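See below for the structure under consideration.
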């Protein structure tokens, strides 16, 4: 039997910073629009709390983190749970590449925020596709 | 580096003892015959993560309060004025590739530019750390109440 | 003279990416932070308890906290208690919605009409609890009356910097928050030891049965802080 693992997309919570909202929106864009069959998410709060099931998810499945500020909460919490992100994305880097997109509000993304989220989601989707094209893991080894 | 610290609401702000300051929250420090300048910890925290730094050309002369460096953070666009009159001798080119240095190490690797002063009296007139600290704290408290 | 931070209420929301109620928790918290009680509340990103350092945990002990959770796993309430101190109040959104006869939102990405109604009711409830904790009375302000110019952008409290002191209390090492700031203010004002302990209790959650031990330990710490009077000759 073989199984394909979904890529876990873990954004930071970022309630105090606009880029936290951008990362969250990028995650939903992946799960609902771009990669609905190959991605999933887990609540970052559950990782902070130490929920065993949530920790197992980021340990056992390929994980991509999205962080909104240098505190890198998503990356740190995934690693504290024993996970090893296969890729780490920062919303800040999207702004560095797209200087015209200025997002000033945490609660309302606006056109700039949604565009930033779209760009980020597409970059991450390319990474997800790369992982998904890899041969699935054999859960039972056959012996000859 | 030795610092003074103050707490305002939920934030800690550091003031380097060996720098001088103005009321625009810019630090200045004598380095041999030059004056190095940068953002204070208060200003970098208030402004957010720096994403772009537009550095001036060296050789340019300017007066105190003339525009020196333009910064874009994830929150605001900032124009930093020269705290003293002088000629720009050096700029911190590392900030083009690593603007985060302004936030990570505002008094050290995050320096902005070095000036050759026209008049050292400008530098001497800046505030020392002990005088600057309470004034900065008052501005931070006002900011908190906005 | 240093100034103790103005007493505010900390709001800590679960991140709730997986559930519509999680998004509701986040949106409602921002509503209270930015519109309803912008000068009386602060927030902390929950994952900073792990990604930050002692200062974030001290923050949650320094401010009375309201935890807002999107499901009965109660990550915000339990993580606050685990890393810092028990929150002053805890709201679990499904329970709140059921009690008020409100529908849950259907989408976790974008709140629908049911979600908007839930935000309004929940935000008012949180605001009421903030007022109760602070002992203030606010006139009810409907959201539409808050002019856009009054909206305050929420900022998180990363880097709280609240000093934490370890004291031996009843044979155990205990972290007590804000003592240096409290001592300096009291030393300058010349207040009584009872008033000192009252202030310590404002900024630290102390179990009633341990109050005598805490009182003794903080007064001992204050005595060490106060310079000894000069002895007169004779």
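Lettered A, B and C in written order, each chain numbered from 1.
Keep this in mind: a contact is a pair of C-beta atoms (placed from the backbone, for glycine too) under 8 Å apart; a residue touches a chain by one contact, two chains touch by 3 or more.
This one's a predicted model, so the numbers in the text were calculated from it and none came from an experiment.
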Most central chain by CA mean?
C
Using C-alpha centroids, which chain lies at the maximum separation from subunit C?
B
Whole-angstrom distance, CA centroid of subunit B to CA centroid of subunit C, is 33
Per the C-alpha centroid definition, the whole-Å distance linking subunit A and subunit C comes out as 29
Taking the mean of the CA coordinates per chain, how far is subunit A from subunit B in Å?
36
Name the residues of subunit A that each touch 2 or more other chains.
17, 69, 104
Touching at least 2 other chains, the residues of subunit C are 157
Footprint of subunit C on subunit A - complex, ascending
11-17, 20, 24-25, 27-28, 32, 41-51, 69, 71-74, 76-77, 80, 104-107
Subunit B touches which residues of subunit A in the complex?
17-19, 69-70, 92, 95-96, 99, 103-104
Quick check: in the complex, which residue numbers of subunit B touch subunit A?
49, 51-52, 72, 74-75, 100, 103-104
Which part of subunit C faces subunit A closely enough to touch in the complex?
13-19, 22, 26-27, 29-31, 34, 43-52, 73, 75-76, 78-79, 82, 108-109, 153-158
